[in-house]
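Common to both upcoming complexes is subunit A, partnered first by subunit B, then by subunit C.
Right after this comes the complex of A and B.
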């Protein structure tokens, strides 16, 4: 089923069925297990009643499952999918195995946008969270433009090291501005501090719908450019030679990526390494063809982040770990492994 | 290369001007400091000695009359002052509050950036505190005493402050008993022992009164949940070994997160299961969107929490229950009124 690596085709229906099966299995596991022990039968009956629109008696169990756990798991899954597909797209577009929202400084740019929105109380009436979201998306896109144009100025070939170096420096620059804003934010310091720690706790269905809409729109656009991304992955000149409109495709993908990262950051804060790690794992299993890489990345990203969140929610019960701690722990180890492997390959 | 040299020149120039500026401010404050020398105190002692007790040898007078203040701070370090401190820098908000409460607010020449009570404290120049503490800022203010907590300062920082002639006094109250200790420590440093004792007695009376009233009230034991950070930024609650927990116990309430040590990011599910009778939030309100109480009342899934059903939510906005300061008594009183009087 998976051994048709280089025929340029995507997955067949059976593979998608399997992905969905694993995804839903993980989702059920994550809804059933949590900080509070709820019997499986109870969980199943509550969910069943909610799905079939029967009246559910309001008890603390129903509140926990329907208002706390389910929306959170959904948000986590969608965030994981969105971050992973943007990571995969950027790695292909920039021909750079280390590209990701967090290594390129896009996430910290988005954070700065959100922090500014909190500090100056920028809100759009009747839409809660929208101030932080719009600012986060705008700043994510701005950061991406700055980083890439700077990289082009310095090194037209967009070498891995140049981009990562600029990304890391840009990240630090953004964090310093965040600290600066925090210093001047006076009484709102506490809010900003808690926000920058990042948390998907308190996610609700509105957040899930927003994430789903963003993933549906921008994720689909990215997935439709799989062929162009394959061409980019071989080389930008190569892409131009086979007739890809390099400028237009690059701009489209960058806009989609910044929108996805911006939405994710404004809802869950910066979650490091998911976008970096998942595409690599997927590439090892399914090969580098973007027709497979992009959908598989989003499925695996969703599963990976749901499991990471499960650990974050239950490991120190009744306390919660920041999800970034779990993803960064696993992610950093894998990052080092990949870096080591690729260096050894070169030498 | 040329660009780099230009840049270097610019940096050097900036460094020069900075050092000149700080040089100026230091010498400026030096000229102001002699008003606090010992000369007048000595003169007093000498004129007193002959009139009161002419038979006494004159060497006795200086050791007896202006007897130096010796205190032990809350790290067990011994501090000796020749006379009550008149120039103080306090880095923590609670120490600032204590200084003002014992009537020594006028001695404050510098405050930590997060000190915000009482309002007069904003007239005092602010210095960076915590991990960002800036030695030069503190030294330039030329205090005799620097009050701080144990949290963020390294041994090296303390040593260089002491080399600069500044006595470092550590107040490190972790409970109400420790708060009394901090108040009497600061009282002793400032020569305001009586005022400090009065504050402590006042606090004790308030607490004893409340405890007595509570013990007379024999209902079933109620639970309380202390929210430190709202849901939007991830829930944080106050657990065991916090002032809030201590006050809750005093008021006959059980903290639902007594199994958590200190402050912690807690699971929303746990709050719903542990179903608190009362919620106390210390979120601040900035005049935008719903107030902290409205925000909690509007949370989905929280409709069945007893405190939400009864709208039994108290918002303590001004750090009444999070600092080891005299206002702990006010906070306790507010909580008592909220739990027992507001029915």
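Right after this comes the complex of A and C.
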């Protein structure tokens, strides 16, 4: 089913159907399970009725499903998809399996923006979303501009190694400023600490719409560059030799990735490991071709983050764990296991 | 007809001049051999032609400055085989070779025609890669990897081939095959080849013109006999090249 077609490119329709089926099944499961368990069929029925605009009986279940869990699970799924497609794109573009929004420095830049907004109580009354979001997106773009300008100043070519090196240094610098701001944040320390660990609790439909729009626009642009990303993953020189406009493609991908990460960080905080580990796992299963890697990473990232969020909500119920703790814990173990298995297979 | 016209090409990295006002032309049907000792600037010239290095001077293809070409249009005309290949991920041989067709169908909605697949299969076949078409490039030997990128170049089907040490990692059988293959390819209409080579015997056997460089400067450019004169080679390599070659050859008699 997942076999490449004769021309060795993307998935066939059946594979996409299966991906969607698993995604929807996981989504309904995550809405069912919580401090109050709701029957699977009832959950599916309420969601279906709400989707098709049929009258839904008002019960406590309905309120839990439609007002609390569904928007949260939707946001979690979209965040997982966005972070994973971003990670896959970065790892291909920079031909570096360790590249990710965090390696580039965009995540930490976005975090600083959000932390400043929390610490200083920055809100923008005329905008529907809070100051945290606007600040995170603005800082993500700002970080990108600073990193790219510095990289260009250094070697005039935006070489991938230079970008990663500057990204790591920039991340450290941002982290130190975040620590400084946190030290002087007084009573807001708890809010900042919890936010930096990542949480999607309390997400609403507005957040979901924003995430979906970002994923639709920037995710589509990234997906349209699958062949160019293949060329970059083979080598930047080779990409140029076969006719890829390397500077334009690199800039386009970097802008899309920073926009996606900015939106995700503003809504869910810094959720580590998803963008790094999901493309890795997907690459081990489906191979490195971005025509398969990008869509599969989105689906798997969404599913993985929904399950991680489920664990975060239910493991120590009623206490809720930060989702970033779960993703890092599960992701690291899963990664080591798959990496070990694949190496043994090769040996 | 002149295909490539390079005039006053200079490349500097910081204060260091790597290529210093080098000029040469390549006509249709010619195989230009770029020779010279290590550090002569041979690969840097290739890099400049592929727009991978900043340079001064002009590089014209069919009379038009290559900087004015879109990258996809330039790739249809000039194809480059790099000296070294470091692939990061486990792409299959077929996936790498198929990317050679990028410049011919760059649109995202471009459908693959049978013709496209045929060119890819032909490229795989003439480079002897058909049996390992689905193998990961990470598991290939140096020679197989070199042939994979050579196949990508044939799939790209440009008018000018620029080969930076094409026999790198290749054993004698494939060295002979690659040179015979390129020689055959050159017979097509409107084609030319430039190759950077260290093996002067190979250069002498297949070249129709040559450019001899030393420390970024042109020592000699022109037909094979004039460039390969004893004096030119001795001045570039600082040794009696003719005597060395004869000594090597005497081992086989």
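Rule of thumb we're sticking to: the second predicted complex is superposed on the first by the 260 of 347 C-alpha atoms of A that agree within 3 Å, B and C clash if a C-alpha of one lies under 4 Å from a C-alpha of the other, contacts with A are read in each partner's own complex, and residues count from 1 in each chain.
We adopt the following convention: a contact is a pair of C-beta atoms (placed from the backbone, for glycine too) under 8 Å apart; a residue touches a chain by one contact, two chains touch by 3 or more.
What you see is a predicted model, and the numbers here were worked out from it, not measured in a lab.
Enquirer: So, A:237: does it touch subunit B (first), subunit C (second), both, or neither?
Expert: second
Enquirer: Looking at A:318, would you say it contacts subunit B, subunit C, both, or neither? Reply first, second, both or neither.
Expert: first
Enquirer: Just checking: does A:289 make contact with subunit B only, subunit C only, both, or neither of them? Give me first, second, both or neither.
Expert: Only subunit C; A:289 stays clear of subunit B.
Enquirer: Using the superposition on chain A described above, determine whether A:59 touches subunit B (first), subunit C (second), both, or neither.
Expert: first
Enquirer: Which chain, subunit B or subunit C, ends up touching more residues of subunit A in the combined arrangement?
Expert: Larger number of subunit A residues touched: B.
Enquirer: Once the structures are superposed on A, label A:245 by its partner contacts, choosing first (subunit B), second (subunit C), both or neither.
Expert: second
Enquirer: Which partner does A:227 contact after superposing on A: first (subunit B), second (subunit C), both, neither?
Expert: second
Enquirer: Based on the superposed arrangement, let me know which partner A:39 touches: subunit B (first), subunit C (second), both, or neither?
Expert: Neither subunit B nor subunit C is touched by A:39.
Enquirer: For A:96, using the defined touch cut-off, is the partner it touches subunit B, subunit C, both, or neither? Pick first, second, both or neither.
Expert: Once the two structures are laid over each other on A, A:96 reaches subunit C alone.
Enquirer: Per the definitions at the top, what is the overlap between the subunit A residues touching subunit B and those touching subunit C?
Expert: On subunit A, the subunit B and subunit C contacts do not overlap at all.
Enquirer: Help me check something: in the complex, which residues belonging to subunit A touch subunit C?
Expert: 6-8, 92, 95-97, 156, 224, 227, 230-231, 233-235, 237-238, 240-246, 283, 287-289
Enquirer: For the complex, which residues does subunit C have touching subunit A?
Expert: Listed in rising order, the residues of subunit C that touch subunit A are 50-52, 54, 70-76, 79-80, 82, 85-92, 94-96, 98-100, 102-103, 106, 108, 112, 117, 149, 152, 156.
Enquirer: Residues of subunit A touching subunit B in their complex?
Expert: 34-36, 58-60, 63-64, 66-69, 121, 123, 128, 187-191, 194-195, 197-199, 201-202, 204, 313, 317-322
Enquirer: Quick one: which bits of subunit B touch subunit A in the complex? Just the residue numbers, please.
Expert: 114, 229, 231-236, 257, 259-260, 264-270, 272-273, 275, 284, 286, 288-289, 300-305
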